[in-house]
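Common to both upcoming complexes is subunit A, partnered first by subunit B, then by subunit C.
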Partner chain A sequence: MLSTLIWFPILGAIAIGFLPLPVARLKLITLTITGAVLLWTLWLMHQFDFNNPLFQFQEYIPWLEPLGLNYDLGVDGLSLPLLVLNSFLTWIAVYSSSEETPRPRLFYALILLVSGAVAGAFLAHNLLLFFLFYEVELIPFFLLIAIWGGENRGYAATKFLIYTAVSGALILAGFLGLIWSTGASSFAYESLAGQTLPLGLQILLLGVLLLGFGVKIPLVPLHTWLPDTYVAASSPVVILLGGVLAKLGAYGMLRFGLGLFPEAWVTLGPGLATWATVSVLYGATVAIAQKDIKRMVAYSSIGHMGYILLGAASLTALSLVGAVAQMVAHGLILAILFHLVGVVEAKVGTRELDVLNGLMNPIRGLPLVSALLVLSGMASAGIPGLVGFIAEFLVFQGSYSVFPLQTLLCVVGSGLTAVYFVILLNRTCFGRLDNAIAYFPKVEWRERVPALILAIIILFLGIQPTWLVRWSESTTTATVAAILPISTEQVAVQKIIQQ
Partner chain B sequence: MTQFFAENFWLVPCYPLIGVLITLLWSPGMIRRTGPRPAGYVNLLTTFLALLHGTLAFPAAWGQPPLYLDIPWLQVAGLDLTIPLEISALTIGATTLVTGMNFLAQIYAVGYLEMDWGWARFFAFLSLFEAGICSLALCNSLFFSFMVLEILTLGTYLLVGFWLNQSLVVTGARDAFLTKRIGDLFLLMGVLALYPLSGTWNFSELAQWAKTAELQPTVAALLGLGLIAGPMGKCAQFPLHLWLDEAMEGPAPSTILRNSVVVATGAWVLIKLEPVLALSPVVSAVTIAIGAATAIGSALISIAQVDIKRALSYTVSAYMGMIFIAVGTQHTEAALLLILSHALAQGLLVMSTGSVILNAITQDLTDLGGLWSRRPISGICYLVGVAGLVGLPPLGGFWALLKLADGLWASHPWLVGVLLLVNGLTAFSMMREFGLIFAGQPKEMTERSPENAWLVTLPMMGLMGFTLHLPLILQSLSLLPSWASFNTDVALLLLFSSLLGCGAGAIVYIDQKIPKPIQLPWGGLQDFFANDLYTPKLYRSSIVFGVDWTSRIADWFDRFIIDGAVNLVGAVSLLGGEALKYGNSGRGQFYVLTIALSSVAIAIAMSWSFLSQLSLP
Partner chain C sequence: MTTTLVSPSPTQLPPSTHEFADIIHRLEAGGSMLPDTSENLMQIIGIYKAYAVPMDFYWRDLLYIAERVFLNPLPAFKYFLPKEYLDLPNHYAGDDADLRIWRGEASAHPELLEFMNKGEIQQKLPRLLHHLWHDRINMEFAEACMRAMFWHRRMYAPVNKFDAYLDTDEYKANADRAIRAYFEGNPVMLGLYKLFPDMFIEQVRQLSYYANLGLFWEVMAPVFFEMSDLYDEGKLKTVVEAMNFLVDGIFAIAGRPIYHHVQIRGEDYEIISKSKGFTWLYEAALPYVEAVFYRTSPFRGTKSYNAQARQVPAKQQDFHYGILYADVFPIGTAGIPPTLLMQDMMHFLPSYLVEYYKQHCRGEDDMLIQLGISFQRSMYNVTSAVIQALRTALLYPLDDPNPNHLTANRQFFEEQLDRFKRPEARLRDIQRQDYR
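And then the complex of A and B:
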């Protein structure tokens, strides 16, 4: 069942890449493949028992047993929402891609490949298998940025490649370190989850993983690849990058950081919460100073990923479910924001805040795009009734009892979010449209529909948040329940770290 | 039958929301054939349905214990977010006030925005506000109140920014949003902090909890200060007051709703939170101080304004300040009464001045004058509004202020002085505005300025009727004090202050002997009030400056230090590669030598543990 999610897109990629399919139909074919994957994911969601905190639909095929590498898949409340997000955003990205994309064969094949690989990473139940899938998406993304990107794409793509490769190396080092130090014979997740290493070694290994996944999330100061990459990449690619790939980092941090080293995680908790707060405030503050709307949204993404870490660091049942919800919320909001910014750039021809003006004008502006931009900006700023609010609120409420100061500072960060989104909206949508330049091309349906669908989902999940949290609630609650109360040794280590 | 309406009262906020959804059909590019007008009528209809529902349900709730409804929303990880609704005479009365005001405002808007291109959008926003305020009135939980307040903050941004072509509108919308958001965020901090202490956000349970709660004084003070920050933003209290002034750039029909009921949302939440605020004497003192400072300060600023709408908007801040005083001294009933009387009178004043602005095409008080003979209806409406606002018997404002002053008389006599002062200053300010608009000789802009069409005039007269009938309504609901409990001293003082204010205003501004514009001998002081106490400059040189420079420095740091370090590493490795490539000479002997030397080095390193044991003689 789960393999379909991985291999169907990858087979599709091969078909599109090598079969002599008509070029004019390529988008439609890709859309069908991704649509089928999306439907399959939704069906899985329907079959998923959300009261069961354990892995479901497990698949196991022995592969390289001497190496401890087996084809071992499973899905639980942590991975299911992200899996759905991946299938959905891939479909959206394909839908929003232009009919005139150059080299469509390669483009769609790479997107399908990425989608399959990301699904594999979310599903993998074996550390080495996860790492393989994690690395597979690297080269396709490099090409997607380097070939179809905007100006400065070469620099951005190389930066992305190097950063991600380093991140991968660190993760592999962490995994291998864990295997060697425990003396385990397999990379299977279950056999490693109950490890009883000394606390110091745990902290060391967790630190390596944190750095590795921290690049991917990204957390300040490991983030500088992100603005360059997001700005250079084309809209469909950046939807995948920001909506899905960043979540892979956060997912890895929760699954392997928190899941494998709970004791070390609890010990480092205060430090992680502070790190999260720094990320939130830093991302928001830098975003205020940006003059390029795409760059502004990119920095906003850095800030918003911080909430996930805060929720995970606090490790209460509420904050952890909030962190998963925030991953989904952030993926949806980021996707619509980048899509709309891409539409604005395509129609108006600029991303400069100082040039843009008055797009809300109903006759000659882009009224629908502006209205949706207001909605998505406000969703990102955490206005209730939209999906961003409830996710952030769950994180805040769950974290407050553990880290009150950090939580309150993150609330300040969400205030700063409002500042830059108001700057963005005021300059872009409001004001007087310059009649001399206001001859914008018509907004096409392929540009409207993805934004409308995303907007409806953002609104729906904001009004009915049960649909957002119920998938992951039992898993996250079980995770938190399994954490042992903090020991004296951990407190002693915390004190040493603080000094 | 009425019972049915009361039990299904949750429908009331849904009517305007349905209106909003239907209005979406008239978005740009959808329905074009009909023009945008039907969108307005749809919203008018849904508002009327809400009003009707409220009026029919009221008799069933009057004198009955409140009805509580629970609507499940979200249960996650031990947090139960169920929407509790309280259906009582008070909440039904509040929603009826809101729907009634919005109904009148929408009729007014049909006339006022005759030729506007944003019809559908405007009516949708008004309905959104109506839905928001109605649900705020009904909901009995701090958390959901916070949600509604935040959504209304967004609504304010959109509604103030309605005429988005004008630069002042754009900055006004921005400032309104950010100022309110600052208040909201402190409120959010309060909401977050309150739950672990009380275990509930339900207002009734909070009141119960507050009776027995024992908090550390610091915790209680910080909590309370966070909680009052939200209402401070909404009620335009110092120092978060500037947005209301700038929001006056929005269309007048929206101002009707804003000045009368939207600002009162903050006061409503404040009243509901009163038991929690009373936990800390510091918070009560701060609430009173903010209220008193705002009330006196904005009444004075109001006198110095030359813009019709801005002069009015500051009296709103002043009256909300008095509500803060009332809540700080635990006089919630007086506060509620003040909200009611203020809403009607203020709505009427905005309607009257709006009708002047509409066809005098100016809102500069120095350009107006001599309209009394041309537009007696607007003039009378204005006067009734003034009488209803300040403490002039027998209208509503008098009874509300009397109730408050009576309550303060024994405990806080100096606050009665503040009340009388604010009342007098407001009366003076209102009569000044009346004199400048209606008295004297017509000027260029008022030469041709007749009464407007019935769509504007009729709702105004209707609201005048309600303002005049408010005492009767209060009487029938037995909300007026009996003769036995009537405090004659306070009543006389109140009457005296109103008469003094009105009289002084009339002498200076209606009588034409004193030349206008009036220059005070201390020009600095006059400028101080005319420029809103220089608050805009204060904001710009403190908060805005701070955030702006912090973000620039952070951006510089990001670009040159963090990314600079990354690029440096990249450049160094490139340069290193470039430099090393000259070592590749192509001569075989050199390579063999390198390999040999490296092998020896590795061999020594590998066998070091063995070699080190060899004892050298």
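And then the complex of A and C:
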């Protein structure tokens, strides 16, 4: 059942790459494949028992047992929302790709390969299997940036490759360190989850993993690849980069950092919360200073990923479910923002804040795109009624009791989000459209549909947040409960019991 | 009615050093401010025709308001033109015309009648529903033009004697007679008149401007219809010919009297008698061009100005919010509410212009703006005709052998074009064909 999510797109990639399919139909074929994967994921979601915190639909095939590598898949409340996000955003990315994409065979094959690999990473129940899938998407992404990117794509792609390769090496080192120090014979997640290593060693291994996943998320100061890469990548690719790939880093941090080293995690909690706060404030303040709207959104992404770390570091049931919700919310919001920025760039020919103006003009501007940009900015700034508010509110509400200062500073960061989005929207959408340059091509429905779908989901989940958190609530609650003895909540519970 | 370009005489005068030297040389050669291209000609003629149809409604309704609605304190139905005014014969069209400019009928244009019948929705509904749905001719545009003329009084004085007359005792006495007759048997309104006589007189002055503009447009509508017909027949081939048709028309009709009569219970009250000698050119056409094309007011549209920050000129004659400066984007500025006129014109575009707009920018989606810019081009051509007419009336022929006379002509042209030096002016833009 789960294998379909991995192998159907990968087989699709092989078919598109090597079979003599008509070039004119490649986008349609890819859309069909990704649509089928999305439907399959939704069916899986329908079948998923969200009261069960454990792995479901498990698949196990012995593979290279002497190496401890087995084909071991499973899905729980942590991975399910991200699987859905991956399937959905892949479909959106393919839909939003241009009909005139050069070398479409390779482009769509790589997108499908990435989709399958990311699904594999989310589903892998074996550390080495996770690492393999984690690394598989590296080269496709490198090619997607280097071939179909914009200005400075070569530089950006190389930087991305180096950073991500180092990230992979650190993660592998962390996994191997865990295996060697525990003497385990298998990379199976469940056998390693109950390790009893000394706290110092745990902290060391966790630190290595945090650095590895921190590059992927990314967290300050490991983020410098992100602005260049996001700016250089084409819209469909950046939707996948920001919407899915960054979540892989956050997922890995939660699954393997928190899941394998809970004691060390709690010990490092204050430091992690502070790290999150630095990322949030840094991302927001640097975003304010940007003149390029794509770069501004890229820096906003750095800031918003910090909320996930804050929620995870606080380790309360509410903050953890907020962290998962933030992953989904951020993926959706970033996807719509990058899509809209891509449309603006394609139509107006610039992303410069000093040049853009008056796009809300109903006849010669991009009124619907501007309206959706306003909605996306509001969602990103955490305006109530939209999905961004729900996720941030859960994180803040859950974290305040544990790290009040860091939480308050992150709330300030959220306020700064409103500042740079007001700057962006004010300069881009409002004001007077200069009729000397306002001969922009019309926005086609094909270009509007992805943004409209994303906007509807952002609005729906903002109004009906139970559809956002119900899938992960039991898993996150169980995760917190499993490490209760050393958490703040446990202290409180113990006090109550003692009384 | 065709005129050929006068050959420029470069040997007699050195080239102009003005910012718009090329355009000045073109004017000196008898040309227009608008470049003479077939594309420009097609645009301006198509727009003249699209403008003339609603204008046929504007002039009739302006006269109806001035003559019949008069001081009705609740003029809710002033835009509901009675059949009598739809059938009112235009003095410059039809078999019985004083001077037949257009070869068509003197009563309301057939396209106008059809539109009034079914509107844009192409369905016959009660007139009130069409009105409330704004599926009608936007008289608000015509009234805005009238108010611009009324607000910018004293233009072209002392040549324009109309304004000064509105402040004379004779005018006040005439207005007083009409006011008392109109409110006869209405002690409330008569009492108010007793208390606030100036307010009522001022209202009558405004109504005199309704009549003024109505009489002006009564001439322009058949002029534009005829130009459109001539173009369709292949008899207007250049922008210069179109401009000269207007110049010839201006002189042919210059002496048409401007007056204001009111019909009250079947009796005719002459507030401004024809015998006063106010003429179409000096008392209507020139003030209209000045007020509507150049000046108007900065408080229309969606852009607001901060007068305290000196964003609005201190002197009215420095105002520059007319169509020659207008940003025809819906968000932006224009002295007249251009979107209303553009909306009206859109209903009557000739098919060749619709096809033309479909091929550019966003096709039908932004036709409103494209036609607004065509309107701007066409009004630069009308302004060129006015400038050439003024030069003819006040100065010297373009082929005058006396260099001093040519220098005077050039000075005149340069002064006229100085008004387009400000950045808002669209004169630079209309030189480019891709300004749409």
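Here is the rule we go by: the second predicted complex is superposed on the first by the 485 of 499 C-alpha atoms of A that agree within 3 Å, B and C clash if a C-alpha of one lies under 4 Å from a C-alpha of the other, contacts with A are read in each partner's own complex, and residues count from 1 in each chain.
The criterion applied here is as follows: contacts are C-beta pairs under 8 Å (C-beta built on N, C-alpha and C of every residue); 3 or more make two chains touch, one makes a residue touch a chain.
Everything numeric in this text was worked out from a predicted model, so none of it was measured.
K.L.:
Have a look at where A:Met360 lands relative to subunit B and subunit C in the superposition and call it first, second, both or neither.
P.N.:
Both partners.
K.L.:
Of the two partner chains, subunit B (first) and subunit C (second), which one does A:Thr407 touch, if any: first, second, both, or neither?
P.N.:
A:Thr407 sits against subunit B, while subunit C stays out of touch.
K.L.:
Quick one: name whichever of subunit B and subunit C touches more residues of subunit A.
P.N.:
With both complexes superposed on chain A, more residues of subunit A are touched by B.
K.L.:
Going by the contact rule set out at the top, does A:Ile288 touch subunit B (first), subunit C (second), both, or neither?
P.N.:
First partner only, subunit B.
K.L.:
Applying the document's definition of touch, where does A:Lys442 land relative to subunit B and subunit C: first, second, both, or neither?
P.N.:
second
K.L.:
Who does A:Gly385 touch here: subunit B (first), subunit C (second), both, or neither?
P.N.:
Once the two structures are laid over each other on A, A:Gly385 reaches subunit B alone.
K.L.:
Both subunit B and subunit C touch subunit A; at which residues?
P.N.:
358, 360-363, 432-433
K.L.:
Can you list the residues on subunit C that touch subunit A in the complex?
P.N.:
Within the complex, subunit C touches subunit A at residues 303, 327-332, 361-363, 365-366, 368-369, 429, 434, 436.
K.L.:
If we count contacts the way the header does, which residues on subunit A are in touch with subunit C in the complex?
P.N.:
So the residues of subunit A touching subunit C come out as 358, 360-364, 432-433, 435-436, 438-439, 441-442.
K.L.:
Using the touch definition up top, name the residues of subunit B that touch subunit A in the complex.
P.N.:
The contact residues of subunit B facing subunit A are 27-29, 73-79, 117-118, 146-148, 150-151, 153-154, 157-158, 161, 164-167, 169-171, 173-174, 177-178, 181-182, 185, 188-189, 192-193, 195-196, 547-548, 550-552, 554-555, 558, 562-563, 566, 570.
K.L.:
Tell me, which parts of subunit A touch subunit B in their complex?
P.N.:
Against subunit B, the touching part of subunit A is residues 159, 162, 220-221, 223-224, 282, 285-290, 316-318, 320-321, 358, 360-363, 367-368, 371, 374, 378, 383-385, 389-390, 394, 396-398, 400-401, 404, 407-408, 411-412, 414-416, 418-419, 422-423, 426, 429-433, 465-466, 469-470, 473, 476-477.
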